[in-house]
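A, B, C and D are the chain letters, set down in written order, and residue numbers restart from 1 in every chain.
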Amino acid sequence: MSNLTLVQAINLALAQEMEADDRIILLGEDIGLNGGVFRVTEGLQKRFGPERVVDSPLAESGIIGTSIGLAMAGLRPIPEIQFEGFMGPAYDQICSHAARMRTRSRGAFTIPMTIRVPVGGGIHAPELHSDSPEAIYAHTPGLKIVMPSSPYDAKGLLISAIRDPDPVIFFEPKRIYRAFREEVPEDEFTVPIGKARVVTEGDEITLISWGATVVQCMNAIEKSHRSIELIDLRTIYPIDMPAIVSSVKKTGRVVIVHEASKTCGLGAEIAARITEQCFLHLEAPIQRVTGYDTIMPYYKLELEYLPESNRIGTALEEVAAY
Amino acid sequence: MSNLTLVQAINLALAQEMEADDRIILLGEDIGLNGGVFRVTEGLQKRFGPERVVDSPLAESGIIGTSIGLAMAGLRPIPEIQFEGFMGPAYDQICSHAARMRTRSRGAFTIPMTIRVPVGGGIHAPELHSDSPEAIYAHTPGLKIVMPSSPYDAKGLLISAIRDPDPVIFFEPKRIYRAFREEVPEDEFTVPIGKARVVTEGDEITLISWGATVVQCMNAIEKSHRSIELIDLRTIYPIDMPAIVSSVKKTGRVVIVHEASKTCGLGAEIAARITEQCFLHLEAPIQRVTGYDTIMPYYKLELEYLPESNRIGTALEEVAAY
Amino acid sequence: MPITTVLDTKIRRISILNEHGDFDAELGEGLIPDDDQVRLYEHLVVCRQYDEVAFKLQRSGRMGTYPQNKGQEATSLGAAYALRRDDWMVTCYRENAGLFWHGLPMEHILLSWMGDERGNRIPEGVYCTPLAVPIGTQMLHAAGLAWAAKYRGEDRIACTFFGDGATSEGDFHEAANFSANLDLPVIFVCQNNSWAISVPTKIQCSAPTLAQRGIAYGMECVQVDGNDIFAMVKATAEAADRARRESRPTFIEAVTYRLGDHTTADDARRYRDQDEVDAWMKRDPMIRFRRHLEDRRLWDSQKQADIQKRAEKEVAAVVKRAEEIAAPHARDMFDHMFAELPEELRVQRDTMRTSSIGQDPAQIEDAVEVTNP
Amino acid sequence: MPITTVLDTKIRRISILNEHGDFDAELGEGLIPDDDQVRLYEHLVVCRQYDEVAFKLQRSGRMGTYPQNKGQEATSLGAAYALRRDDWMVTCYRENAGLFWHGLPMEHILLSWMGDERGNRIPEGVYCTPLAVPIGTQMLHAAGLAWAAKYRGEDRIACTFFGDGATSEGDFHEAANFSANLDLPVIFVCQNNSWAISVPTKIQCSAPTLAQRGIAYGMECVQVDGNDIFAMVKATAEAADRARRESRPTFIEAVTYRLGDHTTADDARRYRDQDEVDAWMKRDPMIRFRRHLEDRRLWDSQKQADIQKRAEKEVAAVVKRAEEIAAPHARDMFDHMFAELPEELRVQRDTMRTSSIGQDPAQIEDAVEVTNP
């Protein structure tokens, strides 16, 4: 066990998997000598050499497109996109090719690639450095989407993602890259993709979130006197509906929290499914506490945009009072 | 009045608006002499000249990116993307720039651009020629999204879109480009963006759809003996919730139909909002009849994927029976 | 002094067997053994027959949209001939002749255009990739495939094909740039067939050549008469050598012409002159190749009649195979989404004939076969 | 015969005032009137001061991430000088000197980096565009702006600036290609400052020059010493002329160097040698320019002291203005989403302090001001 930040946990997972499997190649902007702009890949180029940790040209479509080729040949590329706002240029390669290659070729070609991407707001960064596009990719069949909220999960989920035979987008909530430490086993272990985690048990309200806002949810719970079951989704797609359904059947009340804009965010899908599958158990409308349907503002206003614990707290009260 | 197909209605709207406003420039692949691969721009280059109807290089990001520049200078570009599957390369310019320019510059720059895109399946086309990405763009703040289901609406909505001071994605359901004709006024008229249309009135079930599947819904209603209120959304964003809410308060039962994949489709957002706003009126879980969470299959299976009238009919029965 | 020259560069054009039948012995002699010349020509006849039949299949409603290859066959075939069987061919959709030579069973292409993904299930041991529908995107995969070979110390290379129109896409640029800067063993074959649907090449590139695209990357580049199979073989062999020995990419502009419509959904008479087409008809790669073989007494009209008959038979058999493949199952669309089907997708699959996907997993029997492909 | 030459091209490099202070009179004499030389130099001093102060604002927590301009100022300033006031400057984020010369009030740039969109509210009559955060994307806007001018018959042109790294993005390619093929009056100024964050230029382009990127498009291209303001003025003036008269684009590679870190979030010591930085320190555009002015008796140390004082005062006033602007209102994030706020967004705005956005439109009073920007 070591007491690690999320950044350190990811770095460790990468190092251990690279040690075990020389089909793994890392590529991306500034990931080599510089160790990435968040230092997630620190020391890896030195340890594994510039053939395996590759500073690429500044071209996101190129990074993903060549990774697809590497994967088609049987390697296991782990491309990094420097910020989620720069997935845009790679959107086509991700959605028109990576997500489709297996089904297009009826299994002849597969894409065992893990795309690492720092995600979300709260770090006073410039434009396009604070977004949350997970729903975009959840709406794209053929991708798995993961977003850990703790160092332990980050290591275990990343190892699962790397070993997964299909493309996985691994979103790293940058706001909690170094926000806290947690005991993480030194040895390799996996946290399965597709399984949510019950963070706190409770029977009054089901609170559902993922990534950095899980921390805001925990803060809200601390300030609340109610019995709240907090579910950390951990995997965005496929969604662990059994975990959600069994909680909602117990509580009948739901609050969903995410940073992304409300309209067509993942919260909508979860709310729709809960209504489909727990219709007779619901005792109040499902509340979504989310970013607004605006552009994520420049950082002077970012805390107004992000769902902070007080907004979550209000929602909990409203749902309970209904 | 003339009896027009949807293609003809769009062509007419383009011609009349170009006649009235010389700030309008059309650009795209094959839209000139060839009149576009669906002949939507037929005759326009001949009539308005190659300066106003421009065959562009084969580069979607370039088409949208230069359109943004044209719009920033005060012109009113109408770029065409040849098929919705080729919006991918333009995703970044649409979402990182067109959608953000007004708010980024606090109104100093605006993007009065209408992006025309044929959308959807059912025409036995190759891969990436049959998709329905409307939810992706509905989740992107700063864009308006429109999808007509009839020649009349196509003309009126397109004129609204062109005159709108903000970027509008105008999706043209290619399956019904020539499927039927309708009386369309010769003169210019507008159908307002943001207003749904009640296609048939009813008080048992609210059926919500948009684009080509409105026709499938009408077929399903014809085969049904129930009193069904069909709402054609017409505008994907902003969603006309008042129209939906007033219908649902009457019926208490809802079926939503769209071609796109289910997870994080627009149906999820509508279902979530209905649950938020009509919680006590709902008498059955909301049903979504949609494409599956698979890649739109090659055309041998496309009718298995698309929500055809029999699947819609079953959903209507299930909702009624609940 | 203050104005100096920092770059001075030239681009060559290779032509060996020109449209008048002139053959440059110095470059061409010994390039392709006689036997192989005959085999290549015969292959062209079969491919031309395949193309005609595919066109008719579409016209009679037995196949969807199809892009004719007519007139361009020598380009991909010449390149394929110069490759090793285990080199990657990363193509677009107009390279049937090269792909079949490289080992792809002929029914695959038909099956794909018949709207069936199984056409893309490339058999084990065949080194090519599925049809690339989004223009200009597949060159990046070629770069990645070549990179993988280099990483593993294999001497396999990748040869990618694309049109003049494709060079306008950003992904082309990124693929060329990655290949040059990371020293990847890739050959870029641009099939400049004068048109991208209705758009003439000058709208894609107003420079005097497309070959000079490669200069941007410090890449070796060359222009070739793409209807001259000898020139294609020579340029590709040189490029393959450069890729294999020096791990450096090459850009080849192959000047050819699309004699048919863009696809069966297109009508080229709307936008181009018949005169232009007629002029290019005379430059058909098969005419000059046949004449050349006849000059060398490697070919005669009896052989032509024989191969024509064989081609018809062979293609008919291919069509039969493609059409006899059982219709896909509706549930097939789920089966290759992931290595292991997630639970929620399993439920969608098993309930697909009901409306309420996700709610009634008991109806698996309902998943019937498609009756009307 | 069969191997012919289809292209033969050269690239020039322009240098007028080199790092040793040598001045090429033939090219440079009369290029910039003496008064203007002094004004330009003074402007550089103010901009350098601005850059230092901005850096310190970030370090003391009064501003977010900031990209220093130090060392590159002559590039954008020389180009801006050669433009007309109503030409478009479409920049990236390291062109303060040029932008201020072109008319952008200095507090705007600070405000943007302070996390406030109002910094991007370009005043009426100033022809520049907001900070471009996504690398390599703004050149397409420049092409569109130039296109609009051409369409309207205005003789306004667009000059766009970007880094060496940006030339790897597909959008760069598309912008250059559109401009060349549609004959747009655009100048592409690539500021090759040796680095893209930690990545050296050779990973973006292994060719001997970046200038040759332009050959791909048949575009006029030239390499310039970007730390030589005279050479920048000359190259840009030629390009502007070509754009205005012939409506043809030009690609200028301006060779310069980023003397500071990439941004305040970066530590360049991790990846580059101090020796390299020291060598470039000597090539600082301000050193040679000052020496040149002194040689010509246009400048002396008294003037230097005066301008330094003025710069400090001026920049302090700018900082004061930027910091005194009232904090934005939370609801501001809604107000520029659309020309007219859709009803559902109005409800979100008016209820933003409640959880249940969309459900309680009665709480508009709750939208309080941000207290802690």
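Note that in this section a residue touches a chain if its C-beta (ideal position, glycine included) is under 8 Å from a C-beta of that chain, and two chains touch if they have at least 3 such contacts.
From a predicted model like this one, the values you see are computed outputs, not experimental measurements.
Distance between Cα centroids is largest for the pairing of subunit B with D. The geometric centre of subunit B is 39 Å away from that of subunit D, both derived from CA atoms. Chain centres here are Cα averages; for subunit A and subunit D they lie 35 Å apart. Residue positions of subunit C with contacts to 2 or more other chains are 117, 134, 168-171, 174, 177, 181, 203-204, 333, 337, 344-345, 358.
The set of subunit B residues touching two or more other chains comprises 56-57, 59, 61-62, 85, 88-89, 92, 96, 103-104, 127-128, 141-142, 239, 273, 276-277, 287-288, 292-295. Viewed as a network of touching protein chains, the structure reduces to a complete graph with every chain in contact with every other. Residue ranges of subunit C in contact with subunit B, taken from their complex: 64-65, 112-117, 131, 133-136, 165-166, 168-171, 196-199, 203-204, 265-266, 270-271, 327-328, 330, 332-334, 337, 344-345, 348-349, 352-358, 370, 372-373. The residues of subunit D lying in touch with subunit C in their complex are 1-16, 18, 24, 26-27, 168-174, 177, 180-181, 183, 202-209, 211-219, 223, 231. Here subunit D touches subunit B in the complex through residues 117-118, 120-123, 129-130, 134, 137, 140-149, 151, 158, 170-171, 174-175, 177-178, 181-182, 333, 336-339, 342-345, 358-359, going by the rule given at the top.
Residues 61, 85, 88-89, 91-92, 95-96, 99-100, 103-104, 127-128, 135-136, 138-139, 141-142, 237, 239, 260-261, 263-269, 271-273, 275-277, 279, 282, 284-288, 292-295 of subunit A touch subunit B in their complex.
Every residue of subunit A that touches subunit D in the complex is listed here, in rising order: 29-30, 32-35, 37, 55-62, 85-86, 88-89, 124-129, 255, 262, 287-290, 292-295, 297-302, 304-305, 311-316, 318.
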